[in-house]
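Structures are listed in the sections that come next.
You will see chain A twice below: alongside chain B first, and alongside chain C after that.
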Partner chain A sequence: MLLLQGLVLGILVGGMYALMASGLTLIFGVMRLINIAHAAIIIFASYLSWQLLRVLGVDPLISIVILVIVFFVGGALLQKYVLSALIDKDLSLALLATLGVANVLEGMEGALWTSSFHAINTGYSDQTYHFGDVYVPLIRIITFVASVIILAGLYVLLTHTNLGRAIRATTQNRGVAQLVGVNVNRITMIAFGIGIAVAAAAGPLMGMYYPFYPNSHWGWIGKLMAIVVLGGLGSFRGTLLAALILGIAEQVSILYIPANWAATVFFVLLFAVLIVRPQGFFGHVARESL
Partner chain B sequence: MRILRVTRAPLALTILALVATSCGLGSQSATTPTPGADIKVGISEPLTGDKSDIGTNSDNGYKVWEAVVNSHGGINGRKVHIIQYDNNSLADTAVSQYQKLVTVDQVDVLLGPVSSSLVIPTEAVAAQYGKVFVEGTGGSPQVFARNFNNVFFVQPATVEHQADPLVDWIKSLSPDQRPTVAGYPTQDDPFAQAVVETVHTDFEAMGIKTGYAVQTYPPTQTDFTSIGSQLKAAKVDILVQGSVADQDAAGAVKGYSQVGFQPKVSYFASGPDSASTWLDLLSTKAEGTMTSLDWLQESTVPGNKEFVDTYLKMFPNKDNAVPAEAAEAYAAGEVLAAAINATGGVDNAKIITWLHANKVQSVEGKFGWDAAGRPQGGTFDLIQWQSGHLNIVWPLNVATNGTKPTIPKPSW
Partner chain C sequence: MNARRAIAIAWPVLPLAILIALPFNGLNGFLLDLFYFTFTYAAMSVGWNIIGGYTGYISLANLGFFGLGSYIGGLMLSHLDWPILLTAPLVGLVCSLVAAVIGWIALRTRGPSFVIVTLAFTFIVQFLALNLKDITGGSAGLYLPLLSMDPLLRGDLFYYYMLGVLVLAIAAAIGIRRSRFGLGLIAIREDEGKAEGSGINTSLFKIVAFMISIWFAAVAGAVHAQYLDYVDPDLAFELIIMLNMIVMTLLGSRGTVWGPVLGAFILFPLQSYLVYWLPSTIAGEVHLALLGVVLVLVARFMPEGLLVTLQKLIARRPPPRLQAVPVDAATSARP
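So, the complex of A and B:
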């Protein structure tokens, strides 16, 4: 029964991990840029959702809609006016800029909300359903369902729309996409905005799960990067699979080995997979002429 | 050669990144040179990182002490000036910052950082330079294991005695009320482990079975649902959690409630004493949670009213609450000030000798220290959240308005 409980919790938390990491892999796919600020943006969205709930009484699930729009615009502007110029010159400068964004957000959060821990508590935070001895917290069901809806929307966008086709074409080969008429600069800006918007959607959901504080993003970014690498850099379905594996590995392994060691299980798995498939589950081997 | 041209906006952000990064990895919050007459006090605190909540509380306590002392004209007519760094909750950073405080900033005296895990590595730096090291929160056995004579822990007792009132209370319960199976999840931290290991030994001697042994989890642990499932499966009815910060304590309560783990008694090494923060994080789930207390906001000991009033003036909050870590830091400052005052200067050897020979009154009470810096003669109280208030519930002779511990605690 303990194992079943662990599996259920693992799948539910894996859904949230998938949402948190999908924006990161989308941005990498299109821009070849590791957005170090990704987790910081998620935490920032958590703070804004907490503030909206506290001051205006806006439910975190409603705040997702507001934050997605605002963060999409903010992300697109950041890409257009800051990152694109840097990427054209040197990718490492853009990487450094995302580090700067992470630190600016962290400092701002500390100034606005102090370094104390925060958590988003709603009227439905406390409810738990149980089926026999297996407990399923309502908040985790909501978070999982919300993640599935958002990820399904993202999937439809990428596979059934012209915009999605253009994004995928840019992801696969930027040069060829440009040759066939795709405005890759515009598409990159929109894709980055979408990646940031997905991160914003994850913020309120994460904030309902776990306490957060200004620099808690450092703990998350390593985990999210590991998911993206295991899934295959830039691969959407790979990210989903890796996130579910991480969730289950965390929740199940802790039942059988001490928690201190359980935290390493996923990374052991990551190393094992990378030895066999250095490109991750669904990644591609890059071939470039010298 | 290709010349790199970067537009102004990205360049500005890049510079901002470098500046911000350096701030995040250990920034000095007070760099103004001080007049020679000032007493320079060096401190490294975790203002960011996983100990940022207790670090900020402690830092605020030191700031209040500095303000109060200077409002009274300083110590022996010399103003106090704190030079402080943020160690980002990293022991290595804290060590290098204390070395810098002594060698570069040339401070006169040092005060310790919050938590045993930061005191243990940094006390050696102070000993190396012969500096007195008064600190208010590092009380685990390892702090005193090396027998440094310069360390002085300013709480009524060391942490292995923190949960003594819990053990005493459980002993006092009738057999039908007494919990029978205990669980001891603990953070991988010397303070937290010392608390739960002592209780574990005492409970085993009392016949309380161990359903979940002393098992450590990492400081980054945020999801406690699986640990909660194990505690529930083991039928644990008294939880003794070695929590260090609000993150793991509140995260644990949330996780346990989600998987239906409902013990009769829940004791946390740290967390429930963080007053309004605890309530903000947990709301009604805070009800019935317990911890130990070394200081009470309403205490009538000399100096406490001035401390509390000044704290609330400098750091106003909607609940008018003062966190315990602030009082512990303030008390450390009081002890240091008393020694400087009595010895007539900042000769660290004289200060150390004086502190070993005298009892000192602070907001934590009046007590002295043994040769390794352990406080002598004080005790902790057991506190519990009851109807939205934090009450002293044990020993009964000091209980708030005669309240008694609630058992079983309300469901969370």
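So, the complex of A and C:
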């Protein structure tokens, strides 16, 4: 029964991991860029959601809508005015620029909100349901359902719209996409914006689930990188699958080893995958289809 | 022409002589420390530049090895009574061997797995330092036996030690830059496929470059543990150390011998004054954010760094014309 508990919680948290990592994989797909600031952007969205709840009483689930719009614009501008010029010159410069962004956000959060823990607490934060022997906090159901809805929306956008087709074409082969009339620079900007917007959507959910502080994004970016490598860099499906697997592996291992050691599951799997199969689950599939 | 060449080769002797002479001329505690830190950062940046600049692979593991070096040096001191200042080169060697394993995992493939693995490595070492409480003392840290010596001489000792490491780092950087090995690294940076095609064992080159890079980070970490007489997971793995190595190298000029040194000598003193001047409640946060801003701005507007940009400004005269060589002379010169 304990195992079932771990399995259920693992799937629920895996859904949120998938949302957190999907933006990272989308951005890697179109730009071949590891966005080191990804988790910092998620945490920044958590802080803004916390502030909106505190000052204006906006429910975190509603603040998602506001944050998605604002972060999409911010992300697109960052891509257009900073990163795109660097990508053309030298990819490693763009990588270092995202490292810089991560530190700017971390420092700014520390200055604005101090370096102590924050958590988004709503009226429904403490409710828990029991299904037989399995107990499930309401928050985990909410974050899972919200993550699945947003991911489904992203999936439809990528597979059933012209924009999505253009993004996938750019991911698969930039040169050929340009040849068939895709404005790849514009598509890259939009895709980066979407990736950041997805991170913004994950922020309030993450903030309801876990406490956060300015430099907690370092722990998260490690986990997210493990997920995207395991799934095969740039593969959307691979990321979803890897997020579920790592979520379950983490929650099950918490049952048997001390909770702080459970985080090592991510790194053990990361190194195992890189030794055995460096391209991840869907490393090559990503080239042919989504 | 020969005089210019002599100056071009021998000029570092002058600043070195000044740096050696400074402690004899009343350099006081604060400035002595400032120089010690600047030397430490400069040596680590020169080291980072060998993998990050020459070879073009962004390593985030140098911080992990700085911390690992601190712990290995500290543990050997407290358990075996081996003085850190003597074992530091050995600690560096041990860390370089660990780096070879990490490099083997991450550098077999091209592309982004290196940055991911190196970041993961830093997290793992910090995690172990925090959680292997029986060995490392966990978050309380390790208090090391103090150096038994005159406190006035102590400052001088660390000053000269890190000056020595810095000189060694620069010598290594110059040596590599002029060797076939260094040429191979730059070829890897410019076009790894072609480098491999021209017969360079790219995996081996990358791993050796990474090992050399790591040696300096680990030595600096070990020496710093003795400097503080203390190691803990926060100080040994402070992210600002990693950020500094990168920003200093990029600001000075990535891929050049002197760029990282220049970057460290500009940025570290500026930062100490900034932190001193800021209100202490937000000094750390503003410091971090500003360093991030500098990183983004340099990457965006001066990616070649100060040294190369200045060289280009100075050399802004008509490009040297090719010497006109008679066609038959040119062809007959060939065997």
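What we mean here is this: the second predicted complex is superposed on the first by the 268 of 290 C-alpha atoms of A that agree within 3 Å, B and C clash if a C-alpha of one lies under 4 Å from a C-alpha of the other, contacts with A are read in each partner's own complex, and residues count from 1 in each chain.
Basically, contacts are C-beta pairs under 8 Å (C-beta built on N, C-alpha and C of every residue); 3 or more make two chains touch, one makes a residue touch a chain.
This one's a predicted model, so the numbers in the text were calculated from it and none came from an experiment.
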Q) Would chain B and chain C fit next to each other on chain A once aligned, or clash? A) clash
Q: Kindly classify A:Phe117 by the partners it touches after superposition: chain B alone (first), chain C alone (second), both, or neither?
A: first
**Q.** Partner chain(s) touched by A:Asn162 [first = chain B, second = chain C, both, neither]
**A.** neither
Q: Go through the superposed model and pick first if A:Phe271 touches only chain B, second if only chain C, both, or neither.
A: second
Q) A:Leu255 contacts which: chain B (first), chain C (second), both, neither? A) first
Q. Touching A:Ala226 in the superposition: chain B (first), chain C (second), both, neither?
A. second
Q: Could you say whether A:Pro211 touches chain B, chain C, both of them, or neither, answering first, second, both or neither?
A: first
Q: Check whether A:Ser92 is in contact with chain B, with chain C, with both or with neither, and answer first, second, both or neither.
A: second
Q.
Quick one: is A:Phe28 in contact with chain B, with chain C, with both, or with neither? Answer first, second, both or neither.
A. second
Q. In the superposed arrangement, which partner chain does A:Asp126 touch: chain B (first), chain C (second), both, or neither?
A. first
Q. Between 80-88, 134-142, 188-196 or 314-322, which chain C stretch has C-alpha clashes with chain B?
A. 134-142
Q: Would you tell me the residues on chain A in contact with chain B in one complex that are also in contact with chain C in the other?
A: 82, 85-86, 89-90, 93, 96-97, 99-101, 103-104, 106-107, 110, 115, 214-215, 219, 260, 263
Q | Contact set on chain A toward chain B in their complex | A | 1-2, 5-6, 9, 13, 81-83, 85-86, 89-90, 93, 96-97, 99-101, 103-104, 106-107, 110, 114-119, 121, 126, 128, 130, 135, 137, 139-140, 209-211, 213-216, 219, 250-252, 254-255, 258-260, 263
Q | Sites on chain C touched by chain A in the complex | A | 52, 56-58, 105-106, 108-109, 111-113, 115-117, 119-120, 123-124, 127, 131, 239, 243, 246, 250, 282, 284-296, 299-300, 303
Q: Under the touch definition given earlier, write down the residues of chain A that touch chain C in their complex.
A: 28, 32, 34, 36, 82, 85-86, 89-90, 92-97, 99-111, 115, 214-215, 218-219, 221-222, 225-226, 229, 233, 260-261, 263-264, 267, 270-271, 274-275, 278-279
**Q.** List of chain B residues in touch with chain A within their complex
**A.** 4-7, 9-10, 13-14, 16-18, 20-21, 23-24, 47-50, 52-53, 55-56, 88, 185, 188, 215-218, 220-223, 225-227, 229-230, 233, 245-247, 250-251, 254, 257-260, 277, 280-285
